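Both complexes below contain subunit A, partnered by subunit B and then by subunit C.
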Partner chain A sequence: MLSPLRRIVGIVGIAVVATLGITACSAGSSDSSSSGGKSVVVDSSFDLKTADPNREYETTGSIVAKALYETLLTFKGDDVTKPIDGLASYEMNADNTVMTLTMADGHVFSDGSPVTVDDAVFSLQRVQGIKGNPSFLLEGITVAKTSDTTLTLTSATPNPALPYILPNPALGVVNKKVVEENGGTATDADGAEAYLNGASAGSGPYMLESFDVASQVVFTKNPKYTGDAPAYDRVVLRNVQGPTQKLNIQAGESQVALDLNPDQVAEVGSSDVTVLSSPSRYMIFLLLNQDPSVSAITSNPDFLKAVKAGIDYNKIVDLAGDGSVQPGGFIPSLFVGAIDASDGNQHDAAAAKAALASSGYKGEDVTLNFPNDITVQGLSLQSVAESVQAQLKEVGINIVLAPAPVATELDAYRGGKETVGLWYWGPDFPDPSNYLAFTPGELVGLRAGWAAGADSTVTDLANAAKAAVSTDERQSAYAALQKAQNASGPFVPLLQPAQNVVTSKSITAVSLNPVWTIDLAGIK
Partner chain B sequence: MSQTTAPAQPDVLAVAARRRMRFPVALRNPLAITGTAIIVIWLLLALLAPMISPADPLAQDFDRLQPPSAAHLFGTDQLGRDVLSRVLDGARVSIILPLLLVVSSLFVGTIAGSIAGYFGKVADEVIMRIADLVFAFPTIILAMVIAASLGPSLTNAVIAMLIVSWPAYARVTRSLVVVASRSEYVVAGRLLGNSPLTSLGKDILPNIIAPVVVLATLDVGTAILLLAGLSFLGLGAVPPTPDWGAMVSDGVQNFSSWWISVFPGLAILTVVLAFNFLGDALRDGLDPRTADAVKGRAL
Partner chain C sequence: MKAEKRRAPAGIPPLARYLAIRLGVTALLMLGVTLVTFILTNLVPADPVQAALGEQAAANPEIVKQFRENAGLDKPLPVQYFTYLGHLFQGDLGTSTQTRTSVATELGKAFPATIELAVGAILISAIIGIGLGLWAALRQRTFVDQIIRVVSLIGLSVPAFWMALLVYFIFFFQLKLFPGSGRLDPAAIAPPHVTGLYTVDSLLAGQWATFGDAVYHLVLPASVLALYTIGLLTRFSRSAILEVLDADYVRGARAKGLTGRTVVLKYVLRGALVPIITVLGIAFGSLLSGTVLVEKVYSWHGLGEYAFSSATKLDLPAIMGVGLVVGIVYIGLNFIVDIAYGFIDPRVRAA
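Moving on to the complex of A and B:
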């Protein structure tokens, strides 16, 4: 009695499986070899929220905005020490308060209309007006149109970082007419986000074909793009987690994988793929609280010296894999003002023991707090913490690890309550002024119990660095600041983990950058 | 076993003695023998770990991520520690703590259940409603919430596990005590002037403890898994303490270095299986419905 029913169920089951199989195959083939020209699949672990350039401030959002929109200034390749002309050229006045931008001729939006100064002013004012995540980039800046080809950005205080801020994809120029037609304004009443999540209104190398924050974003070539045409007509940016990215790239399912951790990179055979490892923009550091009411031990200058000399920096760099480096100071090696690792803290066990002896430390337990549920470029902070603990034990410092979820631990960190903390800092824009936060009385300084006036040498050098105008002056001023911080400050810069990009052999070039991770148009 | 110390209640002691006699009988089951052997081996390894470990379980002295070899039988982990030494040392945390935990939940649960079952009324209502409250949550979720709010440490993980595991014992004990306290020998004891404490301790508990012990034996496996689970989630053992659950979690970052998580995983598997074998055998041996069959085969 049951057998006919069973047979029907069986047939239906086979049919379903067959259909799924066919669908899967067709989906797979359309991803890797599109009918309308060459296409490329890029795997990335998404933190995507929006395709509206003036609202995004996420890693994936920057990749998307960079492909769809152009900015007034930009960087060439991965060199973030020198801003170059984008949609405009710039001039700074002598005291770094007024920047005059002159629009370049010839750029057009994907609908064919020219990019004008009005579009640029509207876009920057929109970033400020909608009060989204990237609005702070233009805080305290007045944007004004001064002629048919020029605009000025004026700030009350000198802002030498501005040329380094403008290349951020969040400041991409949108087509004012199109955005306004779709509810866009330069105020928080702006309603164009939904439109911009369905279509792009920019002058970038690609146009938006489809957009899904959870699964994938598809780009097609912008035929009106005035720069060098991208090598691929179509780019599929998919949301895939690290371990699967590794399998996909090995199987040829994808051509570029952005989120492999150092160990996964070491595991993929270099015969099948190309691995590009370079230092990332993140800086992992240790802070030792200088507030005696938090800890009498860590606020002791000799103990501080012992910790700085007791850590074996090379071991930590080894742990983080190829491409990672020890930053000389708190400014990552990629930026203006960075100093070489040889000018930074050095491992010296004998010096550490001597400093420890004069600090009066008697082997008390010192708590090291760190978030145990986050990774920086695939490297878990827990591994770094365990490594630091083992190294300091060798010179006689007893560290007790106190891991906690980041949501719990962040309060203690921000409130300056941690005795020893292990955290990382990602810059908002590639300029050393970002790192003035690591000085007494400033944001991160206070988190280490380093109150204003606690270290006048460092404060004076920080003020000098802030006042420096030319690139050379800034380079030397920030170098001096970091050396002073290394000598007496509470921060121990440990590591810049690597940014690993793995590509299949068919890809001959990718264009990486610390600000927007990857320029999809630069994949060749 | 002496049967002549309390002539007033010969049948009581006879029953108790007969039940106690079944423990060794139950242990003659081949599965029970295997289980017991594995447990004994693991306990010995745990006790002797500092002496037999090839390396310091905390020392990051070796090359990272080395596959198993003659120098490192279980390979090395992402920080260059010897996995074999960590598995051996981890036994001290991952077996002994759950054992202590089960003993303490047995203790707490049995006392709570006895009070509820023997005295009834308000005591019963209060204790059993608290137990119901705990039962209403999924065990692992409740343990996670408690462990997370107390902060990650082994002590806190054990407290969290104790809170979620005592009600099972309380419930079983209560129902057994309710039945046993109405038995004639208990009533007779009370009439002879036994205090409630004596009645519970001497007449009732010895007769009901066997099923509770079986439950506890079966529970050791669950407790090991629960502690490993909490440590896996970062809510149990604090690094660098070697703990099997935390070691499995370390391997998640390095899928291809299979040895980091496979060996502690196998350790968890063998111990949990062993306790389940033993628990099953004890249950079969002590359950009146299956006892005779077991006895017949074993004898």
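Moving on to the complex of A and C:
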């Protein structure tokens, strides 16, 4: 007779063996519940909210919308300096107020129906009418059908950025008939989101197989897609955190990882994977409040100069790893209007100490606010803040770090209440005009207490940049604006962190882009 | 006579009366949970509108106004609370301000995932924890006893996040014994939704391979979660068993000449089960509400991750929904444990 203990151990042993037996049999099996075809697994850290293209305005949402829907204009590869034809071709009038779009022949939705000008007009008006996060992209624009093949986008003031705005996946063209049948309208009463979270109604390279906002989105190839057929029949886009992404890609569990931080990228460097590092579209910056009622210290021009000269930009770039760069101004290196880092702020400890002495600063504590629960391309803002603190300490500035969750810090930032803030800006569209927000009286300018009229030199240069039409004119106008901002403005551009994409060796090509991060159909 | 006065009115069985009282208390507690959660979330010095809208949308007064109206945030706090309660009584948990999806739908996906994980963990914990506790108690003050006590202490003191990564690294990455993140293989399609528990739903659909895949994915995260509760149960079981080992009825059983197996199973274990079940109930509750770190590492998108995500984004209806579910789970578990006492201990049943 077995003792009780041996009997229990025996039962447990049998249970373990049985479980392992079942699981071993299932490992790698492909029964009826598994799908066929060539598939690829992409790991990403989700910020997903919806699969409705006209409502999404998040990084993951753009990846999803780009795979399911086509836009009127698009970009080729990662070149965002030149919009190209998508579902339509375009012409701008001389003063950049009227864009005429002519629909291309032959594009069809996944249900086989043709993409028409009515679908395009409905989709753009839906973005406007919903009043959601991407609605501002078409603010002040009148969308009108002008013939069976053309539509116009009319702006009250010159809008040279429009061709750069239209490739945004949020402006994806949906199948009007299908969306309307499922509650869709071009007003805030629109009710098609739930339908579009379960099925796609687009003409993109993929169709939606399943959508779970928290865990994964699965795509299957659209057999009616008229462009180059994607290499993979099925794509699984999974929500996985950075540390797990690293192990998954190394073990071959996934084929593409999008969110490894600089340390993790360095660790996988010797593994059997490919690392693609390039400057991302994000710009991390410091703001020093110019409102004396918020801070008499940071609104002092000499103190501002001391901070700009006191920071060692190379050290911050080193901290962020390979692929990161110092932007010359507030426009990232990828866009028209960008200036070289050599034209940006430079580290000069002696100049910083001299400016500090002129400012009358007596060693008071200066608070640096930043969100500590988010990362930018895997880079923690806490580490950047600590580096800034240490560098400014060397020139005699006492920075006190005040981290907070982003949800609670946003109020102070957007309300212009921070003394010194450490934040980042992701472009709404790849055009320098988006960065006019960093001028006096504008969205981000106001957050730094930089009211309209506070700096007439910068304002005049901003107006000149806004009026410039040709690419060359715009390049020089935005360059002059940024140099003036570097000299007197309250923003200190610190860093463009790297966009790191790690792929397994089985992947021969990926198509990255600053607007939609990755084109899933471009994975080969 | 006095004892007769305390009895239930004629026609209402004691069990029904007991259940009615418990349900009444539960409803009051739930009301308290909603009130406390509502007050706490509104004390956070932040605006949910800013957390939900993008940079440009948050700067547009018209969009902000519409968002506040749609979410009911334009009304005074008491009105917001009573509106929420009104909807709650109709089974409506509200709509997420982040995803504009029904909170009930989102909880319906997240909760079964966590239940599956917690049940797996508690099963592993119960088998190993009680087994080790029994072994240590029967070998009191021996080398085996010392080893088990030290090992159980490690389980209690190692941080879950670190252990989750370590186990993932060793068993998935290095040894390749178990699969990686998620609840199923990426190539697999989830079984038809019945309960939301992939193990159960795949069995109901007769998809044996999917069942095996679901169990295979469950082993690592459930084992990591179980490490803490194994430690807890080992130590608790050991002391509970030691207490009854010297009890008169156990010595009496031995004196009657019963075999060691009968004494241990029918006298010792049964006598020690009441406190052990209490700890099991508490441990199961803590597993349900404390899985966030393990869920993050294993991409197991359950209640913990949903709660974390909702809290960081100030998604008030979702936070309230999570509070309610966790409250119901704790109260429900206590209730089940109370009922279980009656089955195990005749003295409780008689009382």
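The rule is short, and it goes like this: the second predicted complex is superposed on the first by the 486 of 524 C-alpha atoms of A that agree within 3 Å, B and C clash if a C-alpha of one lies under 4 Å from a C-alpha of the other, contacts with A are read in each partner's own complex, and residues count from 1 in each chain.
Keep in mind that, in the parts below, contacts are C-beta pairs under 8 Å (C-beta built on N, C-alpha and C of every residue); 3 or more make two chains touch, one makes a residue touch a chain.
The model shown is predicted, which means the values in this text are computed figures rather than measured ones.
Once chain A of one complex is fitted onto chain A of the other, the partner contacts of A:Ala407 are limited to subunit C, with no touch recorded for subunit B. With both complexes placed on chain A, subunit A has more residues touched by C than by the other of subunit B and subunit C. By the document's definition of touching, both partners, subunit B and subunit C, reach A:Asp373.
In the superposed model, A:Leu319 lies in contact with subunit B only, and not with subunit C. When the two complexes are overlaid on their common chain A, residue A:Ala390 makes contact with subunit B while staying clear of subunit C.
Once the two complexes are overlaid on the shared chain, A:Ala94 sits clear of subunit B and of subunit C alike.
Judged by the touch definition given at the top, the superposed model places A:Ala156 against neither subunit B nor subunit C. When the shared chain is aligned, no partner comes close enough to touch A:Ala350: not subunit B, not subunit C. In the superposition on chain A, A:Val240 makes contact with subunit C only, not with subunit B. In the superposition on chain A, the residues of subunit A contacting both subunit B and subunit C are 243, 373, 405, 408.
Listed in rising order, the residues of subunit A touching subunit B in the complex are 243, 261, 263-264, 266-267, 315, 318-319, 372-373, 375, 378, 380, 382-383, 385-387, 389-390, 400-405, 408. Only residues 44-48, 50-51, 53-60, 62-63, 66, 98-101, 106, 109-110, 127-128, 131, 134-135, 138, 165, 168-169, 172-173, 176, 179-183, 185-191, 202, 207-213, 215-216, 219, 259-261, 264-265, 296-299, 301, 305-306, 309, 312-314 of subunit C touch subunit A when the two sit together in their complex.
Of all the residues in subunit A, the ones that touch subunit C in their complex are 1-5, 7-9, 12, 15, 19, 22-23, 25-27, 29-35, 39, 41, 49-50, 57, 131-136, 139, 188, 193-194, 197, 210, 212-216, 236, 238-241, 243-244, 247-248, 250-251, 253-254, 373, 405-408, 410-411, 414, 428, 443.
For subunit B in complex with subunit A, the residues that touch the partner chain are 58-60, 64-65, 78-79, 148, 151-152, 234, 238-240, 253-257.
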